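In C-alpha cells below, several structures.
Below are two complexes that have chain A in common, paired first with chain B and then with chain C.
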Partner chain A sequence: MHNLLIFIRKEILHILRDPRSLSIMILMPLAEILLIGFVMRFEIEHTNIAVYDMAKQHSSVQLIQRLEGGKRFSAKTVDSMEEAERLLKSNKVKAILRISPDFERKILNDNEPTLQLILDAIDPNTATTIEAYMNAVLNDYFRDQGMSYSPQLLKIDQLMYYNPMLKSVYGTVPGLISVILMLICALMTSVSLTREKEMGTLNVLLISPLKPIQIIIGKVIPYLLVSLVNIAVILVLAFTVFKMPLAGSLLLLILVSLLYCLCALALGFLISTKSQSQQVAMMVSLAGLMLPTTLLSGMIYPIKNMPMWLQGITYLMPARWFINILKHIMLKASPVSAFLPDIGILLLMTLVITAISLHNFKVRFK
Partner chain B sequence: MRNVLLLIQKEFKQIFRNKAMLAIMFIMPMIQLLILSNAADLELKRVYFAWEDADKSDLSTSLLSKFENNPLFYLTHYSDNQEQNDTQLGNNKADVIISIPNDFERDLTNKIPTTIQLRINAIDGSAGGLIATYSNKIINEFYSDELLKVKATKRIVEARYLYNPALNYKTFMIPGILVILVTVIGLLLTALNIAREKEIGTIEQINVTPIKKHQFILGKLLPMLAIGIGEFILGMAIARLIFHIPVVGNPLVQLLFLVVYLCVMLGIGLLISTRVQTQQQAMFIAFFILMVFMFLSGLFSSIENMPAWGQMIANLIPISYFIRDTRSILLKGAGLKELYPDLIILSIYAVVVNTVAVLAYKKTTD
Partner chain C sequence: MSETIITVKDLTRKFGDFTAVDAISFDVKKGEIFGFLGANGAGKTTAMRILCGLLSPTSGQAEVCGFDVYHQSEQIKLNIGYMSQKFSLFDDLTVWENISFYAGIYKMSKQEIKIAGESLLEQLELTKYRNRLIKSLPLGWKQKLSFSIAIIHKPKVVFLDEPTGGVDPITRRAFWDMIYKASSEGITIFVTTHYLDEAEYCDRISMMVKGRIAGLGTPAELKTRFKAKNMYDVFLKLARGTDNA
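This part shows the complex of A and B:
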C-alpha cells in the first residue's frame, strides 16, 4: 500500500511537471464542447431555393411572395432551367421550384396546380425535410386561396416530451460529452506504458516490488483526478452555457461520469500494454476510437436505424451506454432502476478491460 | 533535389519496416470504412408508437389501422394506462404515444371539435419534429377520407430527387467518411513524425547535415502525400465496388483536389510537429484540430444550419471545402468550371501552411 502511494505520487508529479500538456488536457475539452456544441445543429432553419416562374402571373408572383414571407425559404428567381441547375450544381441553392405556364388557369379551374420541386438529394435527410416544409407552405397557400376543405373538427395537440423547444443541444450535448471524455481519457493513458518502454524506464518499474495491478492503479488514478476536473468543467458548461436541465441527481451524474472515465482510462491502458511504440498507441487510440465512438454510440445516428449486426457491435461501445444514462439523468427524470442495467454494463466493461490489461502486462524482460 | 530523394527514401523505409504502423495506416481505416458506412443513417425509418384509446369505437379503431398500415409506424404497446405509456416513452420502447379522447366518435359525428393528443419523445429535436409531421399527415388523411369523404388532395408538388434519386444515405456519407479517415491518418502521422525524431534525438543528426529546411519539410511531406493518395484510392475502390457509389465527375479533377487538400492537412501536421516538444503534446493538438474539423466539416450536420459565426469558422477550415467538393465531383459531376474558386482557396492554404512550417522548423537548438 505504501509502495502504491509513493508510485501514485510519482505519477502525479510527472503530470504536474509538464504544465503544457496538463493545460492542454484541461482546456481542450472546454474549447471543444463550447465550439462544437454551439455549431452542431440539425434543424433546417433556412434554405436557399431557385424559383423558375414560367407563369409570371398574379397568382404565381403571390406564391413566391408567400414563400419569401416565411422565414424558411429565400427565393432567387431565375430565367431559365439551365441557370437554375447551375446554381444547384455549385451548391448555391438546395432546390428548384418550377412553376409551369398554365399555373393560373389551373388554379382558377380549381385544378391541381402544376408545380415541380427539384431537390439536391445528396443529403437525403435535408432533401426530404425541405420537401415537407415546402408542402406545408404550399398547403397553407392553397387553403387561403379557398381551394381546400372545410374547417377542421379534428385537432391535434402535440406534446414534445423532454425537449419541448426541440433544441438540438439536448441530443448533441450528451453525445459530445461522451465522445470527448472517451477520447481524452483513452489518449491520456494510451502512452503510459509505451513511453516508459521507449525511454527505457519500464525496466526500472518491472524490477520494483510493485505488482502489475498496482502499476495499473498507479497509472490510472492520477489521470482519474484530471478527468474529474474535465467532468467538472464539462458539466458546468452543459448546465450554464447550454442550459441543459438536470432532472435527476447531480451526485449520481458525477459518479457515473467517473465510472465512464475509468472505463476509458482502462481502455487506454489496455492499448498501451499491446503497443510497442507511442506512435502506434496514439494512432490506435485516436484514429481507432474517434469515428467509431462518434458513429456507433447513437450520438448522431439512431442505433435503431442500423442493420442488426451493426447494432450488435454498438453494444461494445461504452459511449452508447453512457449517453443513455446521461439522457436519463439530465432530461428524463427516470427512476434509477431505469438505467441501472446500463451502469452495470459500464462496470462490467471496466472490469473486463482491466482484467485483459493485467493478463497482457508482462513482468518479464523481453 | 538529391537530398530530398534520399530523405523520401529514408521515410519510406521507416514506414514499410514497421508492420504495425502499416496495418494501422491501411487496414484500420478500410475496416472502419466498411463497417461505419452502414451506421450513418439519419432517415426516420421506424416510428414505434403506443396506442392509448379512451374511446374504443369503430372510428378510433379505423384510425389505429391507418397507423398500423403505414410502413413507417410500428405498434409496440396498447394500453389505457397513461403512466405506463409514459414509461414506454422514457425507456425508448415507444417514440410517440397517440392518445384518443373519450367520445371521439360521438363528437366527430355530431360535428363537435375534438382533440387527439400526441406525446412525442423529442430528445432528438429533428426526429421529434418529423414524427409530429408524419403523424399529423396520417391523421389529416384519415379525417378527410373517413369524415369528409373526399379524396385527400393529391400531392400539390411533384418532387424530383437529383443526384441521389434513391435517397441513399450511404451515397451521401461514404465520401465524407473516407475524407475524415484519410485526414485523421495523414494529420496524425505528420504531427507525430518530427516530434518523434525530437524525442528519440535523431533530429540532431539531421540538423547537422547540409539538408536545407525546405528540403527537410518536403522530404516529410511527399511520402505522406503518397500514402494519403494511396489510401484515398483504396477507399474509393471499396466505395465503388462494395457500396456502388457513383463516380459521375472526372477522377483526375478529384485527384487534383485531393493532392492540394492533402498538402494543406499534412502541412498543418508538420507545423504542429515543429512546434511541440513531445509526441503526446502533438497528439493532443492533433486531436483538438481533428475534432473541430470533423464536427464543423458539414459531414454530420450541414453548414447551412449552423449559427452565422459557426458558418464563418466552417468556411475557414479546409476540410469543409474538400468534403463539399468531393461530393460535388463524385455525385453531381461538377468540374473545375464550377469549383475553381475552392481550388484557388485550398492552394493558397497549402502554400501558406507549408511556408509557415518551413519557417517554424529551427535547425538550431535552444
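This part shows the complex of A and C:
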C-alpha cells in the first residue's frame, strides 16, 4: 500500500510536470465535442422545397403557410411541374410537393386529398429526414382540419417518444462522449507506459519490489482523476451547449462514465503491453480505437442495419453498451434494472482486459 | 572469509528451440567485482534477468543472497540493486524526487530516506542541485546519480547492465572509482560490459560465448591461459574458438 502511494505520487508529478500534455488531455475533448457536435447534425433547417399548388384555394394556401411556419422549410411556389423539376435538378430545392386541384373540395367533403411528394434522394439521409418532417407537418395540419383519417402520404401515425423533436444531438452527443472518453483514456495510459519502456525505467521498476499490479493500479488512478475532469467538461458541454436533458440521476451518470473510463484505461494498458514505442501506442490508440468506436457502436449507423457478422463484432465494443446506458440515464430515466446488464458487460470487459494485459505484462519476463 | 553470494549451477534457459543460456555454472563471492562479458546475443542479459528474478530458468539452480530464483524472487528483489545502460532516472522529476521515489519503493522509511539521500547528495556534490530536473543534468552526473540510487538501499548485490555505455573515458574512470568504493563497503558488483579495458578492472571475469561460459577467472589467469597480451585478445580467441569448433 505504501509502495502504491509512492508510485501514484510519482505519476501525478509526471502529469503535473507536463502541463502541455495535460491541457491537451483536457482541451482536446472540449474542441472535439464542440466541433463534431455542431457538424454532425442530421436535422434540416430552412430546406428549400418547391410547392406546385394546383388548387390555389384557402386550404392549400393554409397548408403552405403551415409548412413555412416552422423553421424547417422555405416553400417556393411554382406554376408548373416543369419549373419544379428544373429547380430540383439544379439543386435549388430538395423536394417538390404537388397539391392536387381538388384538394379543398376533398377536404371539405371529408375525402382523402391527393398530395405528391417528390424527394431528391441523392442524399438519402436528408431525403428521409425531409419526409419525416413533412409527415409531421401534414399530420398536424389534417388533425387541425378535423379530419378523421390520415392522408395518403401518411402511412403510420408516429409519436416520437423521448425525442419528440427528433433532435439528432440526442443521438450524437452520447456517441461523442463515448468516443472521446475512449480515445483520451486509452491514449493516456498507453503512452505513459510505453514511455517508461522507452526510457528504460520500466525494467528498473520490475526489478524493484514493486508488484506488476501495483504498477498498473498506480498508473490508472491518476489518469482516472484526469478522466473525471474530462467527464465533467463533457457533461457540462452536453447540458449547456447541446441542451441534453438529464432525466435520470447525475451521480449514476458519473459513476457509469468512470467505469467506462476504467475500461478504456485498461484497453490503453493492453495496447502498451504490445507496443514498443510511444508512436506505435499512439497510432494504435487513435486509429485502432477511433474508427471501430465511431462506426460500430451504433453512434451514427444503426447496428440493426449491419450484416450479422458485423453485428457480432459490435458486441465487443465497450462504447455500444455505454451509449445505451447514457441514453437510458439522460433521456429515459429508466430504472437501473433496465441497463444493469449493460453495466455488467462493461464491468466484465474491464476485468477481462485487465487480466489479459496483466498476463501480457508478466509473460514478457517469464 | 569468502562468503558466496551468488551460486549458479547448470543454469539453462530455453526460448522454444533456442537455448539462450546453456548449463552455466559459477559462484560470485561477497564484495567481489564480477565482470560478465560476451558478445551481443551471447546470453548475458538472459542470465542476468534470471538472477534479478525477472525470468525463470528452464532448468538448473541459482541462488542470489541465499534465495532461490524459482520461488523467492520477491526476497531477491529486496536485496539487490539494478542499474541499466539507460540510467533509468525520470527526466521530468527532480534529483531529490528520483532519490526519494526509488528509496521509497525499496521500503525505506522517511527518516532513512532523508539521511541516506542527504549523504548521497553530499558525496556527489549535488546538494545545491537537488531541485533540478534530471533532464537538465549532464550525462556523467546522471550516471553517477543513477548508480548511487541503485545502491541507496544498501543491497547485497548490485547488477550493472552496461553501465558505462555512451560516456567518455574520463567519466568512465570516475565511475569505476565509485564501483570500487561500493565494493570496499561490501556490496557485490555484478557488471556486464562491452569495453574490454574495463574487464581488467574486475576481480574475476566470466566470458560467455553462445550461451556457455567459455572462460572464467581473474584477468591475469585468463591472459596466461589463453596466451594473450590483453583482454581483447582473450575475447577474440574465445569467440573464434567456438566458431571453428
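Here is the rule we go by: the second predicted complex is superposed on the first by the 247 of 366 C-alpha atoms of A that agree within 3 Å, B and C clash if a C-alpha of one lies under 4 Å from a C-alpha of the other, contacts with A are read in each partner's own complex, and residues count from 1 in each chain.
By our rule, a residue touches a chain if its C-beta (ideal position, glycine included) is under 8 Å from a C-beta of that chain, and two chains touch if they have at least 3 such contacts.
Computed from a predicted model, the values in this text were never measured in an experiment.
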Query raised in the report: Touching A:V226 in the superposition: chain B (first), chain C (second), both, neither?
Result: neither
Report task. Identify the partner contact of A:V204: answer first if only chain B is touched, second if only chain C is, both if each is, neither if none is. Result -> second
Query raised in the report: Which partner reaches more residues of chain A, chain B or chain C?
Result: B
Query raised in the report: Just chain B (first), just chain C (second), both, or neither: which does A:I329 touch?
Result: neither
**Report entry** Touching partner for A:F7 - first (chain B), second (chain C), both, neither
**Finding:** second
Query raised in the report: Looking at the overlay, what does A:I216 touch: chain B (first), chain C (second), both, or neither?
Result: neither
Requested in this report: Look at A:L289 in the shared chain and tell me whether it touches chain B only, chain C only, both, or neither; answer first, second, both or neither.
Outcome: neither
**Report entry** First (chain B), second (chain C), both or neither touched by A:A55
**Finding:** neither
Requested in this report: Considering only the touch criterion stated at the top, classify A:I36 as touching first (chain B), second (chain C), both, or neither.
Outcome: first
Requested in this report: Check chain A for residues that touch chain B in one structure and chain C in the other, and list them.
Outcome: 18
Report task. Note which residues of chain A are touching chain C in the complex, please. Result -> 2-3, 6-7, 9-10, 13-14, 17-18, 199-201, 203-210, 365-366
**Report entry** chain B-touching residues of chain A, taken from the complex the two chains share
**Finding:** 18, 20-21, 24-25, 28, 31-32, 35-36, 38-48, 86, 88-91, 94, 112-129, 131-132, 134-136, 138-139, 142, 148-150, 152-168, 170-171, 180, 183-184, 187, 191, 195, 198, 275-280, 282-284, 286-288, 290-292, 294-296, 300-302, 304-307, 310, 313, 327-328, 331-332, 334, 338
Query - In the complex with chain A, residue positions of chain B that touch it - result: 20-21, 24-25, 28-29, 32, 35-36, 38-43, 45-46, 86, 89-91, 107-108, 111-130, 132-133, 135-136, 139-140, 143-144, 147-148, 150, 153-165, 167-169, 171-172, 177, 180-181, 184-185, 188-189, 192, 196, 199-200, 277-281, 283-288, 290-292, 294-296, 300-302, 304-307, 310, 313-314, 324, 327-328, 331-334, 338-339
Query raised in the report: Can you list the chain C residues touching chain A in their complex?
Result: 49, 52-56, 74, 77-78, 80, 82-93, 97, 101-102, 104-107, 133, 159
